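A quick write-up on the structure given underneath.
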Amino acid sequence: MHPALDHPALPAPGVDWVAGHMPLLHDAFAEVGHLFDGLRIAICLHIEPKTAVMCRLLVRYGATVALTGSPGSTRPDTVTALVAEGVNVHADVDDEGPQIDRVLAIEPHLLLDNGGDLTTALLRRGHGDHFLGGTEETTTGGHVLRARQTPPDFPVVVINDGELKLMVENRYGVGQSVVQGFMNATNLMLPGSRATVVGYGPCGRGVAQTLRQLSARVTVVEIDPYRALEAVMEGFEVSPLAAALPATSLLFLATGARDVLGEAEVALLPDGVVVAGVSHFPHELDQALLGPVESSAAYHRVHRRPDGRRVAVLAGARMINLAAALGNPIEAMDLGLTLQVRSLAAVAAGGLAPGVQPVPSDIDRAVATAFVAARTGVRA
Amino acid sequence: MHPALDHPALPAPGVDWVAGHMPLLHDAFAEVGHLFDGLRIAICLHIEPKTAVMCRLLVRYGATVALTGSPGSTRPDTVTALVAEGVNVHADVDDEGPQIDRVLAIEPHLLLDNGGDLTTALLRRGHGDHFLGGTEETTTGGHVLRARQTPPDFPVVVINDGELKLMVENRYGVGQSVVQGFMNATNLMLPGSRATVVGYGPCGRGVAQTLRQLSARVTVVEIDPYRALEAVMEGFEVSPLAAALPATSLLFLATGARDVLGEAEVALLPDGVVVAGVSHFPHELDQALLGPVESSAAYHRVHRRPDGRRVAVLAGARMINLAAALGNPIEAMDLGLTLQVRSLAAVAAGGLAPGVQPVPSDIDRAVATAFVAARTGVRA
Amino acid sequence: MHPALDHPALPAPGVDWVAGHMPLLHDAFAEVGHLFDGLRIAICLHIEPKTAVMCRLLVRYGATVALTGSPGSTRPDTVTALVAEGVNVHADVDDEGPQIDRVLAIEPHLLLDNGGDLTTALLRRGHGDHFLGGTEETTTGGHVLRARQTPPDFPVVVINDGELKLMVENRYGVGQSVVQGFMNATNLMLPGSRATVVGYGPCGRGVAQTLRQLSARVTVVEIDPYRALEAVMEGFEVSPLAAALPATSLLFLATGARDVLGEAEVALLPDGVVVAGVSHFPHELDQALLGPVESSAAYHRVHRRPDGRRVAVLAGARMINLAAALGNPIEAMDLGLTLQVRSLAAVAAGGLAPGVQPVPSDIDRAVATAFVAARTGVRA
Amino acid sequence: MHPALDHPALPAPGVDWVAGHMPLLHDAFAEVGHLFDGLRIAICLHIEPKTAVMCRLLVRYGATVALTGSPGSTRPDTVTALVAEGVNVHADVDDEGPQIDRVLAIEPHLLLDNGGDLTTALLRRGHGDHFLGGTEETTTGGHVLRARQTPPDFPVVVINDGELKLMVENRYGVGQSVVQGFMNATNLMLPGSRATVVGYGPCGRGVAQTLRQLSARVTVVEIDPYRALEAVMEGFEVSPLAAALPATSLLFLATGARDVLGEAEVALLPDGVVVAGVSHFPHELDQALLGPVESSAAYHRVHRRPDGRRVAVLAGARMINLAAALGNPIEAMDLGLTLQVRSLAAVAAGGLAPGVQPVPSDIDRAVATAFVAARTGVRA
């Protein structure tokens, strides 16, 4: 069982396989890895093979690493592999939350955070002069830190700021892996199917385009006029939600908003519709509106509405690319983790001013250039 | 472990889920299912949720069914589900071959065969006057039966003859599921990757198009000039094998031929190439040429060549859509199984002449029409 | 004015430009052109730059050529260029029909025919022992000759038989040039427009795919279930004609049939619809049903229906790729004319049996191979 | 002859046809057209059917219009049509430049400018209290006005600022019309051809995608790493210029920069390459480097290099979508002109502050919404 997902996890390629497809990260360590030698680093992230490659390299380059995972995403085999490498892993897969206190107990020089909890805890408890600063993976964590009355007195680089990572991960990575997850969870055929994608942000757009490329007929629902115009110009059927729902067989929710489907919308769903989530939280649809669960299996629950119509929800409408696929492709993570490591090295080198800030533009640009070179075989 | 595949099987949707997405098959039974009432039917096929739906319906419509599976593809949970429905399943997942004798022991009125073994055995042992005839799923089985000196004295309908099933399964079903299997097995990113597809028959074409639709850069290798011309006109890079290999990151083998890659070709493979099989048998590449296995995991083995270059082979170069995905999509199987059931019903009704023959054209046409209606929501 | 098209012809690239992009034809003459030396050849075809390249080469290789044009397609500047090369052109652009008698007056050794008129006339009047045989471009001409009670006592090779030429010209050439003609005639924007293509044969399919590739939303209407299924699997909206018409902005007629739109269908056309023809004859729609012409310009007439709705017809619903574009692309004609010349050379060499026959398979295969080599830069 | 383009202009649809496909512009006049009643408006723009629709409506809504054209783009038939409508046209097609003084002589209340010349002249000569302000079409004109030491003491709305118009015109309009112009000028076949697009900005991207959609094999050259990364992720071959040139058959120049191809690059061009311009000025390639002109025709000149290789340049490397097609599609112009008219109406209503400024965001958003509604048939 995948912890907290109440369904079996897909067999995943191991850490060695992943490491073999992360050229940017290895180049980064070859160049700046020595800066981590002798430092203590407290880390909070999803513990799975791709992030494990980075943790392993930090240890191999001389850092002491204490690691805690985001609940619900920790893969036990990855934990085992990391412990064998000397990573100090504090992840109890049954726990409710990350083990903040235990990883901060190493008195870190650096933080690598995911959501802002680690940084917030450190700010609350204070830190010694040895502390250098950190990175924060998520946009949400960046918001939390920027919203503080007193800004941090050390540099915090927010990785997700910036178009580069968003484009590679959201537009391409998510589109591909959402459709992969959908196929794994359902075994349904995309050519000739009738799909509706609600929300045409970077993720929704990636999903809509991938579905269409695989010959589904796709309707886009989008209330922002500029995004709707883009969907129109890309050749999608664009329609209000209420008009799109009755003819939908496959419904992808990608708005990131709450309660997009209320009672009125649920009443429009046709019998047999399959609902998949793309957004970070499954809040677009209150599943209590769908009626009792009639049957369930690995990746779906089928609800029966009072009028007899059935609605199948995949993986509790949680992100289907995490639930039934393997998350972001390795190379997309290679780019994101390289931004992390190079930014953290810049913090370690003492070259950044205090405060919450985006990835330094020279790093951002160099990583883009390296990514192009790695994908095309042309070195700049 | 997936029996005989030495790697874990993907969690599959269950029989009920599959049944809910097979409208053509249910319509067929509603119309002609009564013809099976009271008949004994011996069946040989892959025992997995999609074929199970058909077996279950035969029993529900009054037939007595004895079933044996093709070795290596039997899913134990499907067996359990079928036994609970009253299907007489003779499938020992550790066995070497199908249990021909045990299913023929019911003295069947009808055969539903997959590969010709069942029909050949019946012809050898003879049959009583009650015997009506059968169907044969595969092209190969059809060849075997047509090659006999004495043709069968009963009708045998070969389902795979005919463009309809080939198009839906091979061009669309295989293309989608091969790429899905590749993503499951590797977690690699397709956009911007450099793939070579060897063989541009229906399956290779489906794979090449799906890869390109997902933004890989695809080179096609094809020795037949007409198929090569088609690949050129579709915008693919078309190249001789030796010219394509050195720059390939992902290699898909789809010729169906033997020893397509010999020593000379293996010597051209670049370090890190990933090889996936699309053809029925993994005979295009003698893996002994690749050198010793350096590491292996769920879905791959990494070989190390004497010159130091590594070659990763996925699932032993067996069909990656079966090894790391769920085979054909449900709706494609709905079409194929409906051709089976309607043809078998025509045999049961006594309306067909003896001999090996294609699906009756009225059935073929009606199923095409029904498929269009089911996919578009427009009833003819 | 384009003769007989009552609208201005597009400026066309000249014979030299075209000649520079016909490598297959030049290779063919280099190899077999000497067989035409000293022969008299009577030719009927469309006189435009692409066919002119072939006529010019025949003369340059020593043949005496008498040429007559199909009415309505003769370009006066091409005639001038050919006469300057020593081609004996019998084409009066105002004439009603080809000048059969005048070209046969040269007592030809070979015929190169387009529609069967030349061959039929020769069969009627008889021929001397010097006569060797000929080629026929069109499928229709082939039907006429095959329908004769007495087959010709000389070889006639029908070029259009065979998948090769049909694929290159119809699927790719026509699709591209129809959409080009549509854009030239209307200056309308394809992304986001709503188009219906009636008929999903090779031409209709090419048009539908090109429109969709340019981001139009495309509905396909097709009564043949196999073609409809193919359209569904390619991701098109597939719909009955009556359901498709009311929401159509751009209507492409590609069935090749008569009276596809009768009064009932015309009544469903929305205000402002634009109608373009793809089929050989503009017989799918009786334009008298559309009401009086309210306005007209270079490439369109706008009809006003009694209910006030307007219907714009482009170029009298004649093939829009001829009316407002340049017909087939040069390279597609290079392939077709090379099949012509190599087949005519085989006739001249005396190697073919009498009777109407397809292109010899060795020629067909060699031309396919050469085409691939020319497009990929890889010589076999 | 197209004035100043030394080649024949494509026959264009007339003003009435164009007017029939501009719903946004008509809605805008219905709503705000009364604001122009009694005002004098001096206009500088390209005089062709699409802009003519706007001028005609201004007159019909009570404005007095004095119009001068940008040199080289004035269509005489459009001038005739406008004069007949009462527009005061000062456009001598042989003239060197726009007739600034003559249109300013009407003592305008409003300016509608294209390039900044009109506004600059007015600022130089001063204006009375009756003067209200104006609009400026181009980004370049906006730069000129913003660079002045003293900002204008009246509002000037720069239309091209903002993503909306750029997206519709550049990404979609230009891509489609460049390829249309290329096909008109060459009659070459795109499927299977080998094209290089230099520059992956909005225009280059539109061209690259359209070429690929029509089955060309496309290499992108781009020095900006972020744009190069986008091209990689979209599946294009991405390559340095020098590596791309030797294998290129069709070369599209879309950088907007000067001297992108110098002697070293020209030396790499293969025999027979065809060069087309996409950028505003044909400055990327100094055609003197190409050697003497060997032949020329309607839309091309063929140069012969000292080493014998030929280079064909289409329309002097000027924008091929203007030279051999009809410029932007009507609906794209409908959007751009509606932004113009609504912005000019806001100036007329006196609601804007003095100074150079983008389109008011409520107008921008409303036009996006109206465009979506017009393309989808769904009113918000």
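Points to keep in mind about this one:
Here the chain labels run A, B, C and D in written order, and each chain numbers its own residues starting at 1.
Following the convention adopted for this analysis, a contact is a pair of C-beta atoms (placed from the backbone, for glycine too) under 8 Å apart; a residue touches a chain by one contact, two chains touch by 3 or more.
These numbers were taken from a predicted model, which means no experiment stands behind them.
When the partners of chain B are compared with those of chain C, the chains appearing in both lists are A, D.
Remark: among chain pairs A-C and A-D, A-D carries the greater number of C-beta contacts. The most distant chain from chain A, with centres taken as the mean of CA atoms, is C. Each chain gets one centre point, the mean of its Cα atoms, and the points for chain C and chain D are 35 Å apart. With centres set at the average Cα position, the gap from chain A to chain C is 54 Å. Centre-to-centre, using mean CA coordinates, chain A is 41 Å away from chain D.
Touching two or more other chains at once are residues 172, 191-192, 215, 232-233, 237, 375-376 of chain A. Considering their complex, residues 191-192, 212, 215-217, 232-237 of chain C touch chain A.
The part of chain D that touches chain A in the complex is made up of residues 163-164, 167-168, 171-172, 225-226, 228-230, 232-233, 237-240, 243, 365, 368-369, 371-372, 375-376, 378. By the touch criterion given at the top, residues 7-8, 10-14, 16-18, 20-21, 50, 172-173, 176-177, 180, 183-194, 210, 213-215, 247, 272, 295, 297-300, 302, 310, 312, 325-327, 329-332, 375-377 of chain C touch chain D in their complex.
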